[in-house]
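Okay, so chain A shows up in both of these, paired with chain B first and chain C after.
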Partner chain A sequence: MDQDSTTPYSPANRLRPRSPNIQIYRPQLTSVLSIVNRISGVLLSVCALGLVIWLIAAAAGPQAYAVVREGIASWAGRAVLFVATFAFFMHLCGSLRHLIWDTVHGFSLRAIYLSGWIVFAASMVLTVAAWVTSAWIRR
Partner chain B sequence: MNHGSVRKGAGNWLLERATAIALIPLTVWFVAALIAHTGSDYAALIAWLRKPFVAISMVLLLIALFWHTALGLGVVIKDYVHAINQRTVTLIAMRLVCFGLTAAGVVTVLGILFSG
Partner chain C sequence: MSRQERETFVMIIRSPEQVPRFTMLKRFPLPRNFGVSRNSRIARGRAWPVLAGAVRVKAFDVYRYDPDSPENPRIDTYHVDLDDCGPMVLDALIWIKNKIDPTLTFRRSCREGICGSCSMNIDGTNWLACTRFIDDTDNTAMIYPLANMPIIKDLVGDQTHLFAQYAAIKPWLRTNTPEPARERLQSPQQRSKIDGYYECILCFCCTSGCPSHWWNGDRFLGPAVLLQAWRWLADSRDEATAERLDDMRGTFRLYGCHTILNCTRTCPKGLNPGKAIAETKRMMLEHRD
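Showing the complex of A and B:
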């Protein structure tokens, strides 16, 4: 990373070695789930905005709601909603893992990897289950 | 303004957990309700939103959701926006948006509840 040439030199902004060097670091389940929790959280923030738009459209009347509904029902809308569903379950299951960690349990390497795979598998299963149930209700 | 963990860090940490715990039943209920309403029409949706239990749950959901969002995005901004002025402006803007969306959402839910 280049030092900003306009910034005057001071001990606070001098270049320091960084570790771990993320570009050459082999991803592990632990680090991947950590960043996925953050990314899914940011994605769900956008979904929260979508929730308010959806509510306002519902309050505005059938015509405004129909526009939002068409957007959701479109090919792109469904793709976004599917990713959002997976992000929701990853963040939900990940939060349960974090809440267990907050009680100072499950910190052995074995437990960390086991809970990590459980979070991933449960999120996959729940996402598919949600969409299958939805399709079954629609039928 | 709080820029990190100095004095207020533990409070934010606890609030992030408290809102997370509140959001577990609220979001699971909401997602389950959305799935149950697949394919239902506008009138059915409004009738559902007018139920007092639903309206109360939606208000609680909106408050907990945007509170948790503001805390979470605050951590992200503090991690990636290093310039102090930019960081302050970004944090304030983000919090105002979250606050505004909470107000807009709550007023909308109450508007639907008390309309007609």
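Showing the complex of A and C:
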């Protein structure tokens, strides 16, 4: 809501500015992992549509399935799948951390930071492990 | 390596006192005026000259807003003579007000971290100006008011809404049993349940650092007020537990908390609002009908 520029200026009817929040507040492990958990959740919801497309193609017949399979096997398809795998493990580990918090454990600042870095490291390890395992199975 | 250098690379924060020197980003990668209303946009202000004779000088970027002029908020740069100034950020602000610019406005009172008046955003995190060393700030120190406040003048935010939220939880002892002849007694064990909660000084560093309160501050009570709510829930003498919990039901008042925990990271008294809220959520489960 802006002031009407035709009325004379008066401090009394002036709208107070709001001090900046997200624009200046320093990113910390706490806030970054929170937003990552949310973004990964949104990403996984979108990827669920991809899963449906894949299943519909499988039900529709070999030709449709071949098209989708080609898309997934492409360079871009693999990149999306890799990011989705990471998002999956990030969301899984982050949610487990939230489950532990719901039992009122792990609230010391040290525990918050330790569990935060563990979630991040575990998600990376699990993502790589999932891809290595799948490559090894298809060998 | 000195203590300061070692802290630069610390990954596991143990105490909120640890200054976040090493973070990859100083702020989220967003445009400076992202989602900001037209009258809140910040302009570049003036750079005040260095006083003659000053040897050790440090620059301070300070948020300014003058309600008596039609101009937008701006960032002024001051140069503080460290040899003529006390060790704390509050000392620097008082030095600026005395020696350079008497119009600079901020709240302060006790200068020892117990009144909670001088809470502000220093280098991107909320803290009390009187307990933050100048040496622990960035090379150009950034001084903003507490995040997400309607600004009255310069570093003074309007906390009316926050105190209204505080009043809404009825922060006093509520009983329905007849008053005893002497005071209501408490065992040392019962008394220890409010340790870590009664020390809150209502500086609102936590609430102002909570992204959930930024987006839903009209409905979500925020960490400071919820810590106070838990302080009364945990008090063995209080007899309004059910009413207090009922007052916090609904989607936002309590459950607007998404356990981001910026609150626990920033509390200048080393308290744990995040834990108080988790305790309240658990108590809510135990009292469900």
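Throughout what follows, the second predicted complex is superposed on the first by the 119 of 139 C-alpha atoms of A that agree within 3 Å, B and C clash if a C-alpha of one lies under 4 Å from a C-alpha of the other, contacts with A are read in each partner's own complex, and residues count from 1 in each chain.
Definition applied: a contact is a pair of C-beta atoms (placed from the backbone, for glycine too) under 8 Å apart; a residue touches a chain by one contact, two chains touch by 3 or more.
If you're wondering where the values come from, they're calculated on a predicted model, not measured in any experiment.
Student: Which holds for A:R16: it touches chain B only (first), chain C only (second), both, or neither?
Tutor: second
Student: Touching A:Y25, do we find chain B (first), chain C (second), both, or neither?
Tutor: second
Student: May I ask you to decide whether A:S74 touches chain B, chain C, both, or neither, giving the answer as first, second, both or neither?
Tutor: Touch status of A:S74: no partner.
Student: Please work out whether A:W101 is in contact with chain B alone, chain C alone, both, or neither, and reply first, second, both or neither.
Tutor: Touch status of A:W101: second partner only.
Student: Between chain B (first) and chain C (second), which, if any, makes contact with A:R110: first, second, both or neither?
Tutor: So A:R110 only meets chain C here.
Student: Once the complexes are superposed, what residues of chain A are shared between the chain B interface and the chain C interface?
Tutor: Comparing the two interfaces on chain A, one with chain B and one with chain C, the shared residues are 98, 102.
Student: Note which residues of chain A are touching chain B in the complex, please.
Tutor: It comes out as residues 38, 41-42, 44-45, 48-49, 51-52, 55-56, 58-59, 62, 65-66, 85, 88, 92, 95-96, 98-99, 102, 130, 133-135, 137-138.
Student: Any idea which chain B residues touch chain A in the complex?
Tutor: 17, 20-21, 24, 27-28, 31, 35-36, 38-39, 42, 45-46, 49, 58, 62, 65-66, 69, 72-73, 76, 101, 104-105, 108-109, 111-112, 115
Student: Please name which positions on chain A make contact with chain C in the complex.
Tutor: 1-3, 9, 11, 14-31, 34, 98, 101-104, 107-110, 112-114, 117
Student: Using the touch definition up top, name the residues of chain C that touch chain A in the complex.
Tutor: 11-16, 20, 23-28, 30-40, 42, 63, 65, 67-68, 70, 72-73, 121, 123-125, 142, 144-152, 157-158, 208-209, 211, 214, 258-262, 264-265, 272, 274-275, 278-279, 281-282
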